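I've put the structures underneath this note.
Each of the next two complexes has chain A plus one more chain, namely chain B in the first and chain C in the second.
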Partner chain A sequence: MGLLKYTIYRLLQAIPVLIGISIITFVLANLAPGDPVRLMLQGQQVDEELVRAIEQRYGLDQPLHVRYWNYMTGLVQGDLGYSIHRDRPVSDLMVERAGPTLLLVVSAYVFAIVTAIPLGIIAAKRRNKPTDHVSRIVALVGVSTPSFWIGIMLIIIFAVQLGWLPSAGLVYPWQPPEAAGYDNHLQLWAATIEHLLLPMIALGTLQMATLMRVERTQMIDSLQQEYVKLARAYGVPERTILRKHAFRSAQLPIITIIGLNLSTALGGAVLIETVFAINGMGRLFIEAIQQLDYQLIMGITMVLGAIFVIGVVITDISYAYIDPRVTYGERE
Partner chain B sequence: MATTESQLEEQEPGAPEATTDDEDVEARVGWRYTLAKVKRDATARIGFYIVAIVLVIAAFAAVDSNLSRLTFGALSDYRAAQALPFFEHPTALPESGEAQRNVPPAFVDGGTLSHPLGTDPQGRDYFTRIVYGSQVSVSVGLVATAIGLIGGTIVGAISGYYGGWVDDVLMRAVETLYAIPPLVLIIVFIVFVSDGSPDIRYAVIGVGITFIPVFARIIRSRVLSVREMDYIEAARAAGVKDRNIIRRHVIPNSFAPVLVYATLQIGVTILIVAGLSFLGYGAQPPTPDWGEMLRIAHGRYMHSNIWLSIWPGLAILVTIMGFNLFGDGLQDALDPRIKN
Partner chain C sequence: MSSEPLLRVENLKTQFFTESGTVRAVDGISFDVHEGEIVGLVGESGAGKSVASMSLLRLVDDPGEIVGGEISYRGETIFGLEEGPDGELREREEMLSESEMRERIRGREIAVIFQDPMETLNPVFTVGGQLREFIELNRDLPSDEAKAQAIDMLREVGIPDPKERYEEYPHQFSGGMRQRVLIAMALACEPNLIIADEPTTALDVTVEGQILDLVDDLQDRYDTSFIWVTHDMGVVAEICDRVNVMYLGEIVEQAPVDELFYETNHPYTNALLDSMPRPDRTVEELDPIEGVMPEAINPPSGCRFHPRCPDAREVCTRVHPEPLEVDRADGYPHRAACVKHDVFDVGYDESVPLEAGDEAETGVGETGTEANVDSDSPLEEDQASTDGGESER
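Up next is the complex of A and B:
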């Protein structure tokens, strides 16, 4: 199978999964006891006529499979539904809140990659030396600590006790500086970084720990390869070996892990946004849950699932492009 | 597997560790050999001890929680005069008037030895609540992992054994479950299934179901290799039913790596349930759950009483670290390629 064919094959494979996600979210949301309109009104006394009118307007009086069909045809056209609760299209609400989450998740990944890769390489190079042990302990603690607790501890240390950094909220670099009360873009960016630092570390620690473990194992593995031994025998300097021979092949699994961890990172964003009071998609999700805004819940679940599926497809494809050894689509 | 047994005899536990790479990998997979290796592995040993201690504390929480009172001179304590002190429930509120709210830990100014970790905003002994929290966390971790393990084993075994369209359908379903962030999927599940009144039981079931995919994948890949073995072929030729082949041959021979994975997964489970409780969708007050305690601490007491935030987090960290260390040790023992 050629690369192009593999790309198309992988994309086609994603379609049933996306349909599956839509079924799961739809079924779960419609398992809700009582009908959505009454759920929305939350026990208020209203007359039956009104309820029926609302149901008719949003097509809720139709049987389940018709509603699913309507939902699906909407989805295909990019319509994520309409939040009756907030009287706005779900997609508008999500676009509004996607920015902060994107900023948070991307910066957490940057933090994780920038710290994990050098530490992993050093650990592999000085295997079983004190540096290695320290990095392994850091990785172990990193995978064992709840991200939201790291967030709370960071707030207590750096915001409450030391007063160095803000404990809540986020400043968005894409808004005009005047609107946020800053003189220029430089100040705005400084404020953004100040606000982002703690949540970034809280969300990124787990990713860092996971990546560090993989990086270490991969580097140890590739340092034992024949071609590395050969290069060493030829007298190639150790630094060149690390940089040119061992490093490259060790990075491929890292790409996969980054893709697969997207799901954990997005879920973690829900917790971290709660801890730091950041108005992103995670908080929007929690608000939607609290208000039982089922259209919004379905929309968010659908989009988060789709982001993950597309992320994995992209990593798979880029993997195939980068590594010529990968055979595509061969089934076990 | 016959060769494994015979080679196992030659490699008795305690024999000097063979480290050559080209050694037969199969020989290292036997249970007794694994156990012997785990015993030698320092990290696995530490992990095992931590897990054992947490399990013992969880099992005897009713007794242990009063240890704080017995050990630290407790006759002055608020419930010392109670008729059955050993089975006092930690959710019980102290009688009004006697409550010492937000007492700091014993080693800080203002702390007392009768409350080694201080008290919470309602005057309950925090040490007692932390100890009881182990019961919630450990049982939740074990049960949820067991649900995922059993469900995953069934799905994975069927998928791998039959192949074809069954495999396709099941694997797509598994990928679908895997795609939605677990925390989000579980919260949606809890809220809609629990009829708006979340409970730790829904959390456990939800977490268990979300873990079916990971276990199903591992089992399936093992089954795919086991399926080709001669003894399966023989059983099939002898007319053994598919269901029995899966149950008697396929699953038992695919199980070891899954069990290791399950050990590591217990930590993840505890982590997720703590997150759920923190958001208010796991254990409900007054259940002494670590995540729930952090929720209360984060909500109102981050400035006034930082100890409320510190202890539950440390408890989660130590417990999960125990399971992770133990699981890592098991994994290293089973997979000789990655040796530390």
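Up next is the complex of A and C:
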């Protein structure tokens, strides 16, 4: 019961956060210089009557707080708004664009975790030996290089120079193979991986570098604990100590970093989608800003905000599964 | 008595190679442990007791290393060096390999109980799971049998509701209960020797008493030998059969327990006994040992205890005594490393006693500040030995 109660409590706590996000974004989007209607009619002979008619139709002639109220009442009922520029409901656009972004972010995380944890453990095990120094340099480069630059370099090397991998676009594994021009699912998935590889590495490098350093520090700490000495004294093989005794307690901070870095990862996705011409939410977001499509801006921000908040809550909850000392709400 | 000992340690040397120099944490100690015995390893913090005991399992942390001596357990060589054809020392052929140590000795033959029960159990695994893992590993039992054994053992060490407690995590146990778990761990692996490294130091006194009783009781039943590492002479008196007193990496006195207490032959042991709180003495009457133990990185010349020794004479600064047999009791030798005994024959009696001022000169910084205090302490000591203090021994 404790855990469920805690989960609900944390999700309720997220509501004021999301309201805060909505106010700030709404004000910023609407105070930005420029006029969405004129931008939409770009270049055309501006007919003041038409502008006013459009403004009236979308409620743009009303004062800001009324428009905010209208937007929020819609949002509470599950209406994410309507893109005036694209003349489609925001929710439709989001559904269309969320898949590629999630695919990109999740694969970047998988890449980061799968590489960072073993490398961090090896670095901890061979502390202050050459392997450790190499990993330190890799991590330093990883955290200090912007992801879009890594993306561009990867394109230049692997797509342009070597021609091994495609430089743009994404093949969606959930679409029917025929529609994408492939004979069967295997071919489709192979193509997905091929397209995903470079953007995944570009986006995941920062996460990998961060996680690797944290994993190393945690493992070094863990390996010096008394319980590791005890395990050694009872003849537990070193690899079991690394994989089990020292490993598990070292993972808590890793989970925290994964949860908190979700925001950087989503932010990074905006850039990476642009570099690799992937039609995800990030790219949609940039277009929405350029077009001052304020309902679309709002919609994307709210969804990303919700994803982030839920990510943090999941992080908190997962502690309970890893560390038995963490209990929620209940006292013993 | 004369049977082959279970464990024999000869001239063991363990050193730490640090940036500021070589720390000779254990500097040539010899002792043995017979079957069914509890052997004490006593001394102040930093005397090298823990390093010595971990050396027996060849588990010295970096940058430490066993550099000399011999450890043999039931005819097997845990550590031993020999001179190679090139004149360099090398490990002897019959010395157990790292994997043999892991598979045959650690846990299986020699188990340990560590000092701090709060830190020694892994917080993210259940108590039972940890116990079961070690039993499985060291007794080759399948998982379910190991679990049954683990629960039995928890009951044996006095943990109520062992079935339920098996599933609990260390943070749900009190310090005393955790120490019982660690004792259960050691016994459950059915080793022949248990190294108990200050197992009661972190516990409060009532719990300490319970644990000592428990160990005493279990030791009778399982006939396991113990090496009991402690700084507490009270615990030694209560539990040990024979005692080794360590000072600065060396054994300075070695005797059966009663002999050590009643026929104390080394001034350091005397000082340890005098600094022990007893109901018949007030705090003012306690005689703490002067100064702080010097660093093992640069031990004093001659006898390492001489800067703090009330009986120190000039000869003590020059002659470094090895422990020699000064008496015999219960068929065991009583050894002491102090030149005031006749067997040393280095002219102690003719030598000039060291004054308090001389002691400060020997470079042990901390004693300098206490020089004023200790100028009148010899007086007190004389009094103590004429009133009651002497009759006690």
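In this text, the second predicted complex is superposed on the first by the 304 of 332 C-alpha atoms of A that agree within 3 Å, B and C clash if a C-alpha of one lies under 4 Å from a C-alpha of the other, contacts with A are read in each partner's own complex, and residues count from 1 in each chain.
Throughout what follows, a residue touches a chain if its C-beta (ideal position, glycine included) is under 8 Å from a C-beta of that chain, and two chains touch if they have at least 3 such contacts.
Keep in mind that what you see is a predicted model, and the values were worked out from it rather than measured.
Chain B versus chain C on the shared chain A, clash or fit?
fit
Output check: A:234 vs chain B and chain C. Expected answer is one of first, second, both, neither. What do you get?
The answer is second: A:234 touches chain C but not chain B.
With both complexes superposed on chain A, which partner does A:193 reach: first (chain B), second (chain C), both or neither?
In the superposed model, A:193 contacts neither chain B nor chain C.
According to the stated criteria, A:322 is in contact with first (chain B), second (chain C), both, or neither; which is it?
In the superposition, A:322 touches chain C alone.
Just to be sure I read the superposition right, which of the two partners does A:98 touch: chain B = first, chain C = second, or both, or neither?
Neither chain B nor chain C is touched by A:98.
Taking the superposition on A as described, I'd like to know which of chain B and chain C A:165 touches: first, second, both or neither.
Neither partner.
One more residue to check, A:113. First (chain B), second (chain C), both or neither?
neither
Between chain B (first) and chain C (second), which does A:180 come into contact with in this model arrangement: first, second, both, or neither?
neither
Counting residues of chain A in contact, which comes out ahead: chain B or chain C?
B
On the combined arrangement from the superposition, state the nearest Cα-Cα distance between chain B and chain C in Å.
The answer for the closest chain B-chain C C-alpha pair is 7 Å.
What part of chain A is shared between its chain B contacts and its chain C contacts?
Chain A residues touching both partners: 332.
Show which residues of chain A lie in contact with chain C when the two form their complex.
225-227, 229-237, 245, 248-249, 322-325, 332
Which of the residues in chain A end up touching chain B in this complex?
Touch residues, chain A against chain B: 16-17, 20-21, 23-25, 28-29, 31-33, 128, 140-141, 143-149, 152-153, 155-156, 160-161, 167, 217, 220-221, 263-264, 266-268, 270-271, 274-275, 285-286, 289, 292, 297, 300-301, 304-305, 308-309, 312, 332.
Flag every residue of chain B that touches chain A in the complex, lowest number first.
My answer: residues 172-173, 175-185, 187-189, 191-193, 195-196, 221, 224, 267, 271, 274-275, 278-279, 281, 291, 294, 297-298, 302-303, 306, 309-310, 312-313, 316-317, 320-321, 324-325, 328, 338, 340.
Sort out for me which residues of chain C touch chain A in the complex.
Those residues of chain C that touch chain A are 57, 59, 101-103, 105-108, 111-112, 114, 116, 119-126, 133-134, 137-138, 169, 171-172, 182, 185, 189.
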